[in-house]
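Once you scroll down, you'll see the structures, which are given as structure tokens.
Next, two complexes with subunit A in common: one pairs it with subunit B, the other with subunit C.
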Partner chain A sequence: MTERSITTEHEPGPVLQDSQSDAPRWFLPVVALLALTAVGALVAGVLVFTGTLWGLNGLARLLVGAFLIAIGGGAALGVRDSLARAHRGRAIGVLVNYLVAIVFGFVALQNMGVFIGLDALGDRFFNAVWLLLVIALGWILASQSERFGTRAATVNRVGRWIAAIGGLVLLVGVGLIPGVIEFFVRLIALDVFIPFAIAVAGGAGFWMLRRDEAAALFGTTQDQAEALDGFLFASPNVLGFLAFFAGPLIFSFYVSFTSWDGLTDIQWIGLDNYARIFGLQFTSVGDGQAVTDVLKQNYQELIRWGDFVIAARDRLFWVGLRNIIVFSVTAVPLAVFPGLVLAAFLNQKLPGVKFFRAVYFIPAVAGVVGISLIWKQMFNATVGFVNFGIVKLFDLINLVPGVDVVEPVPEWLSNSRVALFSVVIVFAWQAVGFNTVLFLAGMQGISASLYEAASIDGAGAWSKFWNITVPMLRPTTLFVVATTTILALQLFNEPFILFSPQQQPSGPNNATLTPVIQLYQEGFQRFNQGFASALAWVLFGIIFSITILYFRRQREDDGTLGT
Partner chain B sequence: MRKPWRFMALLLALALVAAACGGDDSSDTTADAGGGDATTTTTAAVTTTTSGGGDEPMAVELRWRTRPDNDQEAGVYRSVSETLSGTDAVLGATLNYEAGGTETEGYQQALLTQLGAGEAPDVFWIPGAEIANFAKRGVILNARDLADAAGHNDADFYPGPMAEMTTNPDTGAVDAGSYLWGLPRDVSAFALYLNNDLILEAGAEDPRELAAAGEWDWDAFRRVSEDLAALGGEVSPYGQSTWWGPVGYWMNSGGGGFYTDDRQSCNLDSDGSIAGLQFAADFYADGLALTFGEDPEPVFKAGNVGMFQNGRWATPGIREVTFDWDVVKLPDGPGGPSNWLFWGAYVINADTQYPAEAWALVQSLTAASVQGQVAELGANIPSRVSQAALDAFLTFSPPANNQAFLDGLSENPTTEAPDWIGDWPSYSSGLTTEAGAVISGARDIADFQANICAELGEFTASGS
Partner chain C sequence: MTTTAQQTRAEKRAAKKAKSGSVTSVWTKVGIYLVLSLVAAMMLFPFIFMLGTSAKTASDSFRFPPRVLPRDPVLSEFQGEVVPLFVVPIAGQDRSAALVEEGIRAGLFAPSDNLQETYAWPLDLVEATGATVDVVIEGETETLEIFRVPVNAEVVELAKIRNTSVGRFVDVDNPSAEGFGVVRTSQPVEEISFHWSNYSEVLGIRSFDRAITNTILVTILVVGGQIFTSIMGGYAFARLKWTGRDKLFVMYLGSIMIPFVVLIIPLFQIMVKLDWNNTLGVLVWPFFYTAYGTFLMRQFFLSIPKDLEEAAVVDGAKRWRILWTIFVPLSWPAIATLATFSFLYAWNSFIWPLVAVDIGNEDSSVLTIALSTLGGQGADQPQLIFAGVTLAMVVPMLVFIAAQKYFVENVASSGLK
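Coming up: the complex of A and B.
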């Protein structure tokens, strides 16, 4: 094996071995495999483009075809560079073979039914999970064997045997033997065997090219080797991100340009969904004219000032947008400022303060559904505790001689003018605890010397809070406001529970309709996955813009603080 | 990593894959039904797979799902499943029951996702109003041929739901000779739950006696409500939820309805619909009802509501109250007696591998004996129209006056029906909001009558 040398950070480092040596036996098969991959990917890409393969339409056809052709082109480039013994050829070969092994490995496992079978895995392990205790017992015995003095070696051996036998029985207990048989039985099927064989070939190619011998042959420098290793180390996370985050994200973006019910074929409709969302009509009504006479087909009145009318093609989107803006403007301050005040109190060295820190955090960890159900009962205008408390409070006030106030009995969930505020209360109540903890952490990071200096200068508690705590907490405050705003804009659970099933989750007269509730209704109640995806992307755009504004503000603040 | 640990890690990974590989869905069934151990289950799976090419019959396993209202109901379904599993009634199929989520836990959301991914159960329950959405998209099986071969008779079930179950999805017209999308699991209707203690205290006429005398109409309903209102305090004479069902009762009973008779167009602006809406709006405006939008069930159960409109599904919860209660049919309006016929159905996944067994399961689940077991819990009414089924239902008390529900089902009910051509979810959502706005005083009824069909007509079959 070639010995690697230490290199400086900025120099390319030495070549690991002379790259002009004769090619070993594995070289040509590996290059041939890469060439085969290039041809396969290019052909598949062309077939996808022409619609022959998989029958994709529109953007999906374009993206998948372009991806396959990019892979094929990259692999072809890799073949050329490999033949020239250039490091880029090796790097491309490693990457392509790695992807081939992963992708076809997953295809093989999928066709084998392994992922569906994983559902059953929990049951299987539950049946034999007690054997983990045996393994743990053996391990404890082995690890503590030195306590047994002269018999330490024996005890160690016994412990290891117990752990090993426990492990073996566990594996048998979860179905190892019939499972292995089944594995090979299913492997025989062509739709499993072919991708499995390709995955094995890709894996072999990857392994061959990863070896130091290959690095030397391709003239790979130490830096290049380390860079490749770094990418490979990061690859599980990157692949997971692509598969479970970026993939669905891109798919939903594609779906937003389609008419799709989630069950039947996808129909490409271009920007229609977005046109429906943003479709507005500005018009005026003449004397004796009905509003409906001047509106375009499928447009509904949104706002009216005298004769001037604004109509929308999707009125509910604008209603939801209005609601969520009102909600955010109200709920975010109510979730942030009390958190700051509470944190200031909980930052004192007072008896029982740790207990209260825990108490205020409980709503943050409690389930939203449970919380909303409890609030739903409490908000009942007739038998709810909130109005009961209000009535009792006013009864107390009315005890004062000369005072006779009629107690208000708000209809928290049935009055369209109050309903959204009910949701604000629930949201703020739940968010305050978490924000308090964030502020508390920020406060504890402020240097005590600042307060000491202020005390020496004669500053009082309020002055210290206002002139030291608040400015020093500015980064924390920005973070808290940003995250709370994002949460607020994604409001769904609270109104969904508070107003169902007696009403729609959109509340009385759509007073609590939010973009996410509309998204849910369109996607899962009206079978409009395409429109729901478009709504999701519009909401993303709004949240992203606000987040960018926050972070820009934070950068400006950092710059100010820096000067 | 040291070699022994590498070996152990590889062995463990292999075991994971292998165990998963051997554990197809059959393992759940076996484990649930018989509690068999893992090794036995895995072996069974191997046998199933390898026996495909041999002479041995393939083991058939069916998954089926409902949306139970509570654990007790789920328990009954599970018991039914275990009893039927492996019997001739389901052609020897092994059954695996899955209790789906509740209405607010995304039952339909999970179902749609699984249908899209090809992993939905073989047989599942859906609300009656959803039949069109599923049938039009080809995700549920047309079981007409299977039903005919099995000697099924459509007339054994309430005709309203069966008309929807035998509709041609392309035309929206009933075609019982060609289509059958499943069978109704149960039916339900509204009734007024009565707080007899409050009615007695108010000295009001007994609605049950008025109904028996054929005098239970809107006027009588208002008289009783006014007497109850005179009690004052926290007592509300009447309460109802705000979804389309209770709102629709007023329109139907007023002589109107959501749709025109041919179900092609909006009928919300008809004189009958407006009369019903006007009565309800006045009733609320006069303070004779619990605030529109407040959940009336906890208030009724607390003893503060005299009459509470709800379906049979509310009965198990109401049985917990301590005051004297009963039910009476909904009052007759100018349009005569009226009610809804709510229902849900068992349907078959179009992608099931075992359609014959799935149909046998649907038939078994809708047999009189099984419907009786479920109905005994109190939340359901059998969907069969046989006298035996009705007689059995009458014994499931309290309430004493179960006949009120059967009256609701027999006196001119409007069947909860999907809109095969239009867009029912959008239409129902819009009308619920706007009619609610009228009842709560947020929208002028004249404006409603003038514009509602222009606003919602696009969601009907005719687009008007």
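Coming up: the complex of A and C.
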């Protein structure tokens, strides 16, 4: 097989003549389809470049035009190779047809309104949702059938039937039949039918070329077949990666250099967004001068020591940066250290450990919005449980003779000095269980022989923890600290729920303003989407440097420990 | 199947025993359990508080001192009227008595040598002596009249500090025994009672019920989509050789570190261009792809021995079947782990629905948004907020209980690999 494909590549001429004689009937139409695609894509590409088609401009025109011309050129190459019966022709044919089917299928479904039709599905799903319980019941019955002993097989079958019928009724209930009818009714519309027909043609070409018969005809080797399969298997993933990750990422980077409200035209303003973020002024105030006299236009005072003043062009960014640093420095240790200690306790061979582990994990499952709402009520300054608990605790302390402390009952959510700390409490409370589980997993990976050797040397529990567990857990600790920090830097949900809508999500006196909250307010309340994108990239830069730091530390460790 | 599973579990347990340090002292054990229980109580308390408050009345949820369990004032019938019961001292004894009359003019009396020990009694039932006494109240000297007041069946001479109003309380079983007291400071007789109707009430607010089913639908679709693309992609990355595979994989790994907020603006604009924003689809379609899930599946597929698939004939058409009949059945732990992650992500995501779906659009609302709105609107009705939060947590909790193993054990190992 390998030899044959090599010959075809080296001597396209004679094989081409050969091929005409023994070509199966489907061969020429498929090649013609590919040729048609090539012409279509090239023409469309040129039209996009000249601005005639779709009226795109700027970056979009260049990218879409280049993409179409690349597809067209590729397809043309594919036609030549196909006629030569080279595997590359088949590969290009398969991929181009696949793309055509996907893209035009997408357009057809989009024009049909299938993607936004999920709302209508949601409507019917509302009435049919109880059938999920039936399916779950059937599934549980089937999976637990072994407990029924001799009747296991029957129970299993009954369970499967219940689940299957439940699923069928659910499908009918959410409108499968009217949906299918609607599909065909809408297909008649011209803007649906044409892309649909093209997609079907592409699909047919794809299917034809994918068959074993085609593989034999084009002399596809095993490796080549594998590569083609690799592309196709990865494609749902890769298309998603391109459309919803890589594409938006590049777009976001571009937007960060523009001024854009999301509706009117984009304006390129170069580095100005970044200049606004990082714009600082260091100056000093002379005698009899007001601070505003010495500041540049648009600058606001940030810090002042005596006569020395630091001002910033975007004061809120620096406030947010300070808040998030203070937050991370307090919240991360509170979320990590208790986790380490708890994991060490859970790692003892005691009964009931699994129960505690599960309990600690519950906050991680419960969902941050609900949790923040609970804490919001508990933080209530007058009737909340937190202050009530503090009062009770200090009553206990004051029972000690000679001690008389006034208990602090802060207004957790409206005092700008403690507002950030209330967010710290919620964050650490939620994160500590998850970290405990991670630490526990790390501890269970430590070799028992180390502990045995230490025991022989007469080491106590504390000494073993400090001299074996902690150093051996270093990789886990690094991972936990890094992930928790990255999570903390993106703080948004907790302050948003705790402080809004009674106050701004930025809290009293901007005490809980975080970079992501600033991004949300700039991007989706003031619609400065260019500036908000720049903020996002600055935040990414901070997170990225922490990640790099983490990987470097990890590599150093690997080097020294030789693991 | 089960016997091998049990065997491995037993082996694991034995291995774990050997690994962990042994605790010998009983006191150490007690200490450890004490700490573990204390932390468990701290972890569980907010949820218990949530459950209790979700069944309270509005006034009960703003009561000080705060309580966990919901309570109602106990009502009783007295001479054909429904009246609340209070704990009041009648003839020197604390009894539960019905409040039958309010707003009786009364005086607040106290011994002139101890003005803190106050005692309220109707003015009609006391007798003025005509005498007065001078006392110092907050630095000022005041002249107070002395009255004869019946206290616990004996008449005592007390100074009247000021006027007040009291209620008349009657022992229901013994109507001749009556007492007086300031209603506001009297302790009502209460019984624990759960107002489950809060739940049906919250379901009716702004289509909260619809938000629940929408969230279920979105979660099912996202979890299903992510599992599908991750299985396909994981297989392609783990087992098939194709041009650019390794470079793309490095890019996937890199993409895991990029925070979602970097993508939020362009993604929003793409949704606007496609006309998807403000629909339910906007919460589903962009999230079928997951770099993390692909990574997870790839790592798991790499650990499956190659002989298994080599036994099957390898050619193009059959790869699909190899994947679904050999790889997928062997990969349930990884798939379940991925499913738990996707589930938590889809169920709890907040910032994306917040920007992509209008607050007013009830048809496309999901639970996190509905809860956030409820938290704002129902600030004076915490019991409704808490009923909503409880409802939002039911499904995750059930899934957690059912699939605890995958949440706790595999989540830990998969993150670290």
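We adopt the following convention: the second predicted complex is superposed on the first by the 396 of 563 C-alpha atoms of A that agree within 3 Å, B and C clash if a C-alpha of one lies under 4 Å from a C-alpha of the other, contacts with A are read in each partner's own complex, and residues count from 1 in each chain.
We adopt the following convention: a residue touches a chain if its C-beta (ideal position, glycine included) is under 8 Å from a C-beta of that chain, and two chains touch if they have at least 3 such contacts.
Only a predicted model underlies this, so the values are computations on that prediction, with no experimental measurement involved.
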| item | value |
| --- | --- |
| First (subunit B), second (subunit C), both or neither touched by A:496 | both |
| Subunit B versus subunit C as contact partner of A:262, first or second or both or neither | both |
| Partner chain(s) touched by A:524 [first = subunit B, second = subunit C, both, neither] | both |
| Touching partner for A:383 - first (subunit B), second (subunit C), both, neither | both |
| Subunit B versus subunit C as contact partner of A:228, first or second or both or neither | second |
| Touching partner for A:56 - first (subunit B), second (subunit C), both, neither | neither |
| Contacts of A:506 with subunit B and subunit C, given as first, second, both or neither | first |
| Greater subunit A contact set [subunit C / subunit B] | C |
| First, second, both or neither for A:366, with subunit B first and subunit C second | second |
| First, second, both or neither for A:110, with subunit B first and subunit C second | second |
| Overlapping contact positions on subunit A, where the subunit C interface meets the subunit B interface | 115-119, 121, 123, 125, 262, 369, 376-377, 382-383, 496-497, 500-502, 520, 524 |
| Footprint of subunit C on subunit A - complex, ascending | 110, 115-119, 121-123, 125-126, 129, 132, 146, 210-212, 215, 222-223, 225-231, 233-241, 243-249, 251-252, 255, 262, 338, 342, 345-350, 352, 356-371, 373-378, 382-385, 388, 429, 433-434, 437-438, 440-444, 446-448, 451, 455, 461, 464-465, 475-476, 479, 483, 486, 489-490, 492-493, 496-497, 500-502, 516, 519-520, 523-524, 529, 532-533, 536-537, 539-540, 543-544, 547 |
| Subunit C residues touching subunit A - in the complex, by the definition given at the top | 2, 15-23, 28-29, 32-33, 35-37, 39-40, 42-47, 49-50, 53, 61-66, 209-210, 213-214, 216-217, 228-230, 232-233, 235-237, 240-243, 245, 248, 251-252, 255, 257-270, 272, 274-276, 279-281, 284-289, 291, 294, 314-317, 319, 323, 344, 347-348, 350-351, 354-355, 363-364, 367-368, 371-372, 375-376, 379, 382, 385-386, 389, 392-393, 396-397, 399-400, 404, 407-409, 411-413, 415-416 |
| Subunit A - residues contacting subunit B, complex | 109, 112-121, 123-125, 127-128, 167, 171-183, 185-186, 261-264, 290-292, 298, 300, 369, 376-377, 380-383, 411, 413-416, 419, 496-497, 500-504, 506, 508-510, 520-521, 524-527 |
| Touching residues (chain side subunit B, partner subunit A) in the complex | 8, 11-12, 14-25, 27-28, 31, 37-39, 41-43, 45-46, 49-50, 103-104, 106, 108-109, 112-113, 115-116, 119, 133, 137-139, 234, 236, 241-243, 290-299, 302, 304, 423, 425-426, 429, 432-433, 436-437, 440, 442-443, 450-451, 454-455, 458 |
